[in-house]
Amino acid sequence: MMEPGAEVAFHRPRTVQEALALLSADDGAVCLAGGATLVAMMNADLIAPSGLVSLSGIDVLRTAERLPDGAVRIGAMRHHRQTADETLLEDGQQVVREAARQIANTPVRNMGTIGGSIAFFDPAADYPPALVAADAIVDISGPNGDRAIAAAAFFVDWYETALGAGEMVTGVRLPAAPMGSVGVYHKLARVSGDFATASVALVLAMENHTVSHLAVAVGACAPTPVRRPDIEAEIIGNGLDDAKVDRLADALAERLDPVDDVRASAAYRRLVAPRMVKHALCRAAETLGGRQ
Amino acid sequence: MTGHPLTLKVNGQERALSVSATRTLLETLREDLALTGAKRGCNQGVCGACTVLVDGQPVRGCLSLTANCDGAEVTTVEGLADGNVLSTVQQAMADTGAVQCGFCTSGMLISAFAFLRDNSAPTVDDIQHALSGNLCRCSGYRKIVDSILLAAKRVA
Amino acid sequence: MNEAKPFGGGVGESLARPDIREKLVGRARYIADLSQPNMLHAAILQSPVAHARINGYDTRAARAVPGVAAVLTGADFPDGRMGAFIKDEHAIAKDKIRYLGEPVAVVAAETEAIARHAAKLIDIDFEELPAVLSPEAAMIDGAPLIHEDLDTYIKIFPAICGRNVASETELAEGDVAAAWAGCDVIVEDDYKTAPQAHLSIEPCGALADIDEAGRVTLWSANQSVFRVQANVCESLKLPMSKLRCLTPKIGAGFGNKMEPHVQPLVVQLALATGRPVKLILNRAEDFETVRARHPFKIRCKTGATNDGTLVAREVEVLLDGGAYSDDSPGVLGYSLLMARGPYRIPNTRCAGKLVYTNKMRFGAFRGFGNPQVSFAGETQIDEIAATLGMDPLELRLKNMAQPGDPWFGGGKVASNGLGECVAKAKAAAKWGAAPGKATSSTVKCGRGVAFAAHISGLLGTGAIVRMLEDGSIVLNTGAVDIGQGSDTVLTQICASALKIPVSQVALASPDTDGSPYNWGTTASRVTYTTGRSVAAAAKTVEAEIKKHAGELLECAPVDLELREGGKVGVKGVPDKEISFLEVSLRAHWAAGGPIVGSDTWVFDQPSVDPKRAIARGLPFPQIGVYSFGCVIVDVAVDTVTGKAEVSEAWAAMDVGRAINPAAVEGQIEGGFVQGMGFALMEELIWDGGRLVNPSMMDYKAPTFRDTPYAIHSIIVEEPEPDGPFGAKGVGEIGLVPVPAAIANAIRDAVGIQPRSLPMTPERNLRAMLERDDAA
Amino acid sequence: MRIEESFTVSVPIASAWEAIRNPEIVAPCIPGCESIEVVDPTHYKAAVRLGLGPIKLRFLVEVEITEEEAPIRLVSTTKGEEGGRASRVRSQNVLSLTALGDRETEIAYSAEVEVTGRIAKFGFGMMKKKAETLGREFAEAFRKRVENGQDAA
């Protein structure tokens, strides 16, 4: 008499290479990062992997460091709590810290990791829009070696990423943000700690009332975070008046493709997201003294 | 519970176990070690009734795989009191009427214990943030906040 | 902050609960924590469709799984039917499936994992029938019948029912039709409230053991060991003497554990296997198969004259009862009884229908229909006040029911502390002052008020007070403490009645073999009804003590008095006294026999006075005594998203006498937050026949951070003449006025009129934008 | 859950209808369709794989044509079950063809879909999106196949 699930293999490799070897040896095996999402899905009978490759024993995935070019690299196994308190993050990079602070709650932030979160990619999660707004780069290792890909390209579709078979996320790189820029994350959720009904992540820098850097991403309102670099480019170099703010908010709204779900209707998301964008942008500009 | 051999230090006691890869820490504590203080409320990491300390940090017992905790120190509600002497936070909950049905209490105490260890003079807002991952359907939360304020006062 | 005291503990003291330590150290044992030697674990198979006729089963694959001990389907269950008002429900789907998710088979195996695996292998051969998914659809001609044999079912009240209508009720006073002519202002509208999940953090479960004689002992998550016994025995056609029901600690109730869930299933499995069987529902199963608060559709019309005098009200409600009637006829009747609110409205007519649909049953939930009708009625009062340019609180005061006034229908109201509740809440909140200050230019603040009344009472209750040889006491009531603190309160009542410390009173755990009957922990009734029995039983014991003491001290019992600390002495002669020990030893060994006091009673005060009111299909001729309350809330509404949050609240409740003030505050605060969740966020959502959010990820209730710390409980004590030490109930009233008060505060903040619960950001923002377009 | 989509193929309505009624042509166009078995002209059985993010599902599907009005209307019911009955999908489908020109046909379909079991836990909004995506993939594949078939002819 054997318990269902008793035959599942469990591995705790010490290096990324070992982990990759284990993944390629069994295509039913999956990475176990913090477990916050994976184990919840196993408990709910949603997935039944044939093997679990725990990444918790791989030290290089647990570090965060500043790179020579000023970028900050966050290892895939850094917990949300660590990123929420990350002192390496400066200026606009703090948009990622703000997002981490709003993920779930203390015990879950103690378990969940940035690598696990983005690899699973719930479109209503907090990291994706923040990483897209921060122009983050995702580091990936796989059977064919290492590669790096922009966060904006990493998120492909609902719950689908650019990760290929046997590949894993090893870290996230946040390029240095302009001196004096601000990074803010606004989240609307039914209750504290819920996934976002809609969210806005932005990085803004202004030099004497002129926008010198701008990146705005809307989360939870489309298969992937929505950004409008074309409109951002139009605004950069100009003042941030209401017309510009409206222009960007409306342009973002055009690209939304939200779903009806238990959190809200698609129609409400279309309605509220541009309102949140305008609000977040004006607030950020105010803190920079960029609006009279 | 066949398969992966490992050791845990549970409430100060070394325990050698062998578990299947999918066994959660909550199942191990409740079913293999007969420590039923941590509860299964949702088995999804939302309600917080299964919260335990792993290496000093509050985590979800229902989302932690035992096989992944090899060598870890685990503290459950059963490990908070010193013999018959309740810990400060336990005593404070008794004194403020913060416990009604008690089903969320084990997880609530674990979160509160870890929070008070790291925060000596908390504000109401700090407490609400730190405990927002532990749901209570009975109390309306106020008396739980009161109990943690009282505990902090007594420690100070 | 009302600090609980560990000892002492007379009436009026915030005594810590007797089981506090075991709950704090993780030793309190709830149903999932219990086990028996050689115990099996069970799992259910749920129906994949909402409405079907069952033709047969194939259980071979499930039986073949190693470790499976029994597989039972509807075919293996007796043809017994249970139900609180209408006996319409089998222990498990039998012959017919009536909702998606309904248990259709149950497996017992060596482990839970094996049982769950095997359950998936059972094949049900069924013929699907068209599903009826709304009360409106259920009432159209030719709608498929959910209970073809409704007419033949046993009903415990003169039910007006037929086809898919399970119950129809009407209550009226005065002449409404004629009264509208005399109104200067009339508001009339439709209101909707959402189904709310009880969400006790403990999921439902049960454990049955069986002895060699075939007698079953059953532990379960419950609110009444006696209702469990009745339901199991009715559905399984067992003599009650064959089933003993006990209770572990309960991880909260709120109504979902009053009537049965899986108890009949584990009993049948124990009978089939001869082994102990435990079944604990997972969270999704608990959401999908137990019960929830009724969605109400309400048509409400209220009229007043220009001076703000309320003249007439008409309320029509439509309840979705789900697949089985459960407590629903009671909820319908009670909601109508409460729909006039605590006001003098001479002409009132309230009528409603309860309709079967192919959804999970809806049933009792803290408030029992009152929060829904109060939401409609209390928001209409604010609309009238606005139309007349009056202060909504003043308009309420002008029409408020006064001490001595009977309730709607003519029921006697012996104590009414509403006036004091209003005065105290008004003063504490500084009514008229601006509501809390906005945290940003995009946030608007508002303040709202609502009044409420609620009963405590109903049905049979008892208590046995036994004096042990050493003079200490064992109290046995059969009332289940579901966490609200009745064990503490009943102990305090007993100790105070006998003038002994609570440490001298032990409380027996409810046991259908040894406890006096108690209908249950529901209807805010335990403190009032059971407390009365405890006080009465203690009086008998006191009389016995005095009889013995009189003979020992050679004086008449009338000249004796009980003294603090378990002594009885001669009035006016301080040194002439003896201890309970001496009295009890004499009773046990020399004369009279051991001292036992007992009391039982059934609430018998009529709820309707036929000279005043017309009542049709009302399920309870006697209902209860009345508690009153007033709630004032401040809200902050984010005008960017429409999200409303409560920033502060004042809740003044007339509880007759606070036996344990901290416990009373706990009920007021807990009730407030559960009402706040109902008002702002909680909603079970169906897509066709399927519940789409049966998980705590998808169904959200307030967390610490969604809840204001500043919920101010204000206890008002207007003694109930026949209540124990003047006490009446507080379990539900704290929730009742909350949705209405929040709606009125949102109206005050942003000028919209909520008519649908929950008041989500989406609903609020749409209403705000429509308001702007209109302007 | 209701799904409505339409697409056009540049072939006459008669050949579009012919293709629609030919499992050999339809099956390969269904995303994830592994095999199809023709029980009789109005009953098919198929095995379909699909993935919802990390969740991989394999359904055994039974299709029954309940009504047909060549060349403009086809009504069918689909019942799919996962192994071990972990989930079930059922749908009522109406397919209607309209000639937009002699070499242009619009194919519109509407389906009322019911899902129960583990995949239902994924949320109806997401599933609707997924279904619409699959619908578009089918349309694309079907168009290619039919139009190429024409050119070859």
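So that you can tell them apart, the chains are marked A, B, C and D in the order they are listed, and the count of residues begins at 1 in each.
Assume contacts are C-beta pairs under 8 Å (C-beta built on N, C-alpha and C of every residue); 3 or more make two chains touch, one makes a residue touch a chain.
What you see is a predicted model, and the numbers here were worked out from it, not measured in a lab.
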item	value
Reference chain B; chain at largest CA-centroid distance	D
Higher-contact pair (C-beta pairs counted), A-C versus A-B	A-B
Centre distance in Å when chain A and chain C are each reduced to the mean of their C-alpha atoms	44
Chain centre separation in whole Å, for chain B relative to chain A (CA means)	29
Chain A-chain D separation of Cα centroids, rounded to whole Å	35
Separation of mean Cα positions, chain D and chain B [Å, integer]	51
Junction residues of chain D - those touching two or more other chains	86, 121, 123-124
Where chain B touches two or more other chains at once, by residue number	43-44, 129, 131-134
Of all residues in chain C, the ones touching two or more other chains	284, 692, 695, 697-698, 701, 703-705
Touching pairs among all chains present in the structure	A-B, A-C, A-D, B-C, C-D
Complex contacts: residues of chain B adjacent to chain A	2-4, 20-22, 24, 43-45, 48, 51, 57-60, 62-65, 67-68, 70, 111, 115, 129-134
List of chain D residues in touch with chain C within their complex	1, 84-86, 88, 114-117, 120-121, 123-124
Footprint of chain A on chain C - complex, ascending	66-67, 110-111, 113-114, 116-117, 284, 442, 640-643, 681, 685, 692-693, 695, 697-706, 760-762, 765-766, 769
Chain A residues touching chain B - in the complex, by the definition given at the top	2-3, 5-6, 8-10, 12, 32, 35-36, 39-40, 42-44, 51-52, 54, 56, 81, 104-108, 110-111, 192-193
Of all residues in chain C, those that touch chain D in their complex	48-49, 100, 120-121, 284, 687-690, 692, 695, 698
